[in-house]
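Listed below are the structures to be examined.
Below are two complexes that have subunit A in common, paired first with subunit B and then with subunit C.
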Partner chain A sequence: MQNTISNVIKLTRSFLSINNVTSHPMKNIINSSLFSTSTINLKDKEISHWMKYNDIIFPPQGPTEKRRPAYVCNELKNVKFSPKKMWYICSFIRGLSVEEALKQLQCIKSKGALVLIDFLKETIDLGVNEHNVEFRSNLWVSESFCNKGITAKGLRRGAKKKITKIRYRYCNCYLKLEEGQPPVDYYCREAENTGPAMLDKWLKQIRSRKINNSL
Partner chain B sequence: MILSTLTTKSILLKYIKFEYIFSTNDSIRNYYKFRKGFTANKHWNPKWKKFRALKVVKIDLPDFTKKNYDDNLSAEEMRFYYKEKGIQPVPPWNEKQFSVTTLSGVLDQYIPPEGDGKLSPLNTEGAQQKLEWLKKKTRSWKDLRTIRKYEEDFELYPEFVEKVQEIYIKSQELLTMENKEKLIDYVTEKAYPLMLYNLDKKTIHWKFIKSLEPPRVCHIRVGEVFTKQNLFAQITVRFHTKQILAIYDRFGRLMYGSETIAKDALEYIVFEKHISSVYGEWRLHHKIIPDWLPEIQPGSVTYIDTESETETSPEMKDADVDTIKTVPM
Partner chain C sequence: MARTIIKQIFKIMSSYKPFKNYRNLNNFVSKINKIFRIALFYYYNHNDLGFNFASVEVNSKWNNIIPEQKFSIQDFIQENILWAVPKKRRSLEKRMTRKFGLLDRHSKLFLKQKDLLVCIHCGCDYKRGYLCKNCYTKVMDETKRMQDRISEELKLDPIDKEVVVLYKGEKDESQEFWKDKRIVEMPVERPVWFSKNLLQKSTTTTSDTNEIKPDNLG
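Up next is the complex of A and B:
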């Protein structure tokens, strides 16, 4: 009798240790591996991890320090569009100034582009109204990505009474706009491809060679 | 050509997809449609099209961009949504208890005389002003007597005036510390949102240096709510002080004021107390801003003034407003 009780206590303890609340609120859910992280539905009052970047308050700067550029983070949840298709358009905007991005998005024949145009305009308004961005056009897209949202599932009848699922995919779009001029090379490709940089890289490789079983 | 260098099939397909999405030329898009792996989803025989469509089970896809339960929806729109879902609309049962803790306005607002901070009693104008003050004070004396009924040993000078200055300083200091819970002890419910307006996520540095003149009581009024026994007292006090104010935005950049330059502030502040209640306390209620005071120093941020649109010159109207120059940070 006692053995069974102790076993039950052990099981409950182990179960409790899995569901222990750790420092990061998301860790608990990730470790229990009940469902993928992108499909977590937050309650009404909870703020998502991405939007919490908007709540960070920086200490006041002295008069001699360089003026810190403002940034805005914004998200658009559960847009009826496939995340795989959205990826192309999100990554297209990266590193462009906001005006340039809007101009280019107007020419793309895709539903995701239409969604992103409205989304970009909303984030610009957010920045100007709440985050003390002075000039609307003095922003550039520093981060733009998407992940999967909800997938609604439907049915489709196949041959020989076979039933298959149809997935109606939704995606979440995330944007971060920063104040100032966009950088010349967002992916730092030119820095890698200069002569001196390539020479350094080759030298590093050559010097890291090892002759096995040597002194 | 880039196509020749790509070897794996997946990269090729991705390039085709990229071209399909981003090429504005329709002929290019039509060309890529017929390549392998990216054809139109269309059967060659439309005879069985309807039967193929019947295979799919139709679903009402949820739309998260629309807000079904917005507060701004009209009654008709709400009825429409309830009908769609087949729910009988229930009338809201909002019976909330409320208590009157402040007055919504200022009783008989004090009109501060022009040139108050500048004129001295030695001028003729200054002497005239003083006479006018004395004439209008009869009602204030009456209401002081009503206050003395509820509060024994109520002395304006020096106790009340000192206490009120402390409340004023304490409330401002609590704003800098962003302590909203304690702020309501020093500030009435009417002034609370006005004090916190536009101060979300901003750091404030405020310092009280000294008072140039001793604070002076200008105006006393007592008002009743619903019954004659429920009384609120409001006293306007004139402060002439030296203060430092610097407001920084979320990123630590100076928005308003400065850390070093002190400014003289002439203010007429109304304090209120629920005298007929045992738990009534003197709290900051309202600030009277006369028209003749000099304008506040403008903030360091530029913005588009929508009111003065008609004043733009004809040259500006023709110019391209879209091409606003970006400012290097």
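Up next is the complex of A and C:
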């Protein structure tokens, strides 16, 4: 109890001081050593780095400042799915509103899509219940990525008594949902398809042509 | 002119060391070339004759003698042709196309589907040109239940009469109507979306005679 109180005091002091207001609030948490910073093998009470973003307490905003949108971070560890395949699905939903993402994921024929649908729904619930999100549908996927989890190994008999290793791959999925309207074009693909942009591209191609063996 | 030069130079060479003392024919020939230059410079004040001597040893003690082999196609195929081996390193562009694809041609990325519409009956999303999944599953379940009930009733009897499926509370109509037909009763009430008209035949022929006339002749 005393330890936590002292740490809270440290945090508030650090927030009030001029130096730390400009730096990222996350640094205060890491520097104050409230949590350990091991990443791979977390023990029971340790929280992973991604979920720590949920615990940041931002300094109070001034009256003229624009309201900081609420966000929620969530992770799903050790899903039995290859991270290489999961990458395509995670990158697919970036920049979409949460409703749109759910709608689009239903059309994808992949196990990862099913996983992500449930995961998205969970994060929305988490945001609404615990992280001060006002409206369920007013969220968009600002960050979605995956990395590799554990890899279990097995053996498999091949031709001519040859034994080869099999790798059973697992992945971790991470999501960050932010409140508000999604950006118009996250990957800037629509910008390429406008008339002027296409014309410029065509012109560039035409002008880069060369007649071989010419001057 | 060239002949005279060469004659004079060979005179000089003949007084030079004999060929036997040279390990390699090439050494001897390089010496000759050097002598030529010196001689030319001495006699004609220019270095370059315009040609040099070159040598090829055929059978010499000091070269490794390669035994003559007969040409066999099998050996040639096995040794001299590389099978299933990369000729060049795969460029970064090629590697990236395999990984992520080219958006214009073979896109490996999932792209947003723009032809998703809302079903007016159930409110779920469906793809244009396809059936609404929710509605279709509803219909599929009901048909399965009907099929199970029919197989329960009919079992393995031959189907000589028309089979009619009725829901709860529909059999109270006059018995004459159902005279020639085999009735299968469902224990549940008719679902709201399943109208009676759907199973009504559009072309019905009633005949009093037992004679059958062949149709679709010639």
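Keep in mind that, in the parts below, the second predicted complex is superposed on the first by the 147 of 215 C-alpha atoms of A that agree within 3 Å, B and C clash if a C-alpha of one lies under 4 Å from a C-alpha of the other, contacts with A are read in each partner's own complex, and residues count from 1 in each chain.
The rule is simple: a residue touches a chain if its C-beta (ideal position, glycine included) is under 8 Å from a C-beta of that chain, and two chains touch if they have at least 3 such contacts.
Please read all numbers here as calculations on a predicted model, not as lab measurements.
> Does subunit B (first) or subunit C (second) touch A:K80, or do both, or does neither?
The answer is first: A:K80 touches subunit B but not subunit C.
> Answer with first, second, both or neither: which of subunit B and subunit C does A:C107 touch in the superposed model?
Both partners, subunit B and subunit C.
> Should A:R136 be classified as contacting the first partner (subunit B), the second (subunit C), both, or neither?
first
> On the superposed three-chain arrangement, identify whether subunit B or subunit C touches more subunit A residues.
Ranking subunit B and subunit C by residues of subunit A touched puts B first.
> Output check: A:F92 vs subunit B and subunit C. Expected answer is one of first, second, both, neither. What do you get?
both
> So subunit A touches subunit B in one structure and subunit C in the other; where do those two contact lists coincide?
Shared contact residues on subunit A (touching subunit B in one complex, subunit C in the other): 88-89, 92, 107-108.
> Please name which positions on subunit A make contact with subunit B in the complex.
Residue list for subunit A touching subunit B: 55-61, 67-70, 77-80, 85, 88-89, 92, 97, 99, 107-110, 130-132, 134-138, 150, 152, 154-158, 166, 168, 170, 179-181.
> Please output the residues of subunit C touching subunit A within their complex, sorted ascending.
Interface residues on subunit C, with respect to subunit A: 103, 108-110, 112-113, 116, 125, 127.
> In the complex of these two chains, what residues of subunit B are touching subunit A?
17-18, 21-22, 24, 29, 55-59, 61-65, 200-203, 205, 246, 248-255, 301-302, 322, 324, 326-329
> Would you pull the subunit A residues touching subunit C in the complex into a rising list?
Listed in rising order, the residues of subunit A that touch subunit C are 88-89, 91-92, 96, 100, 103-104, 106-108, 189.
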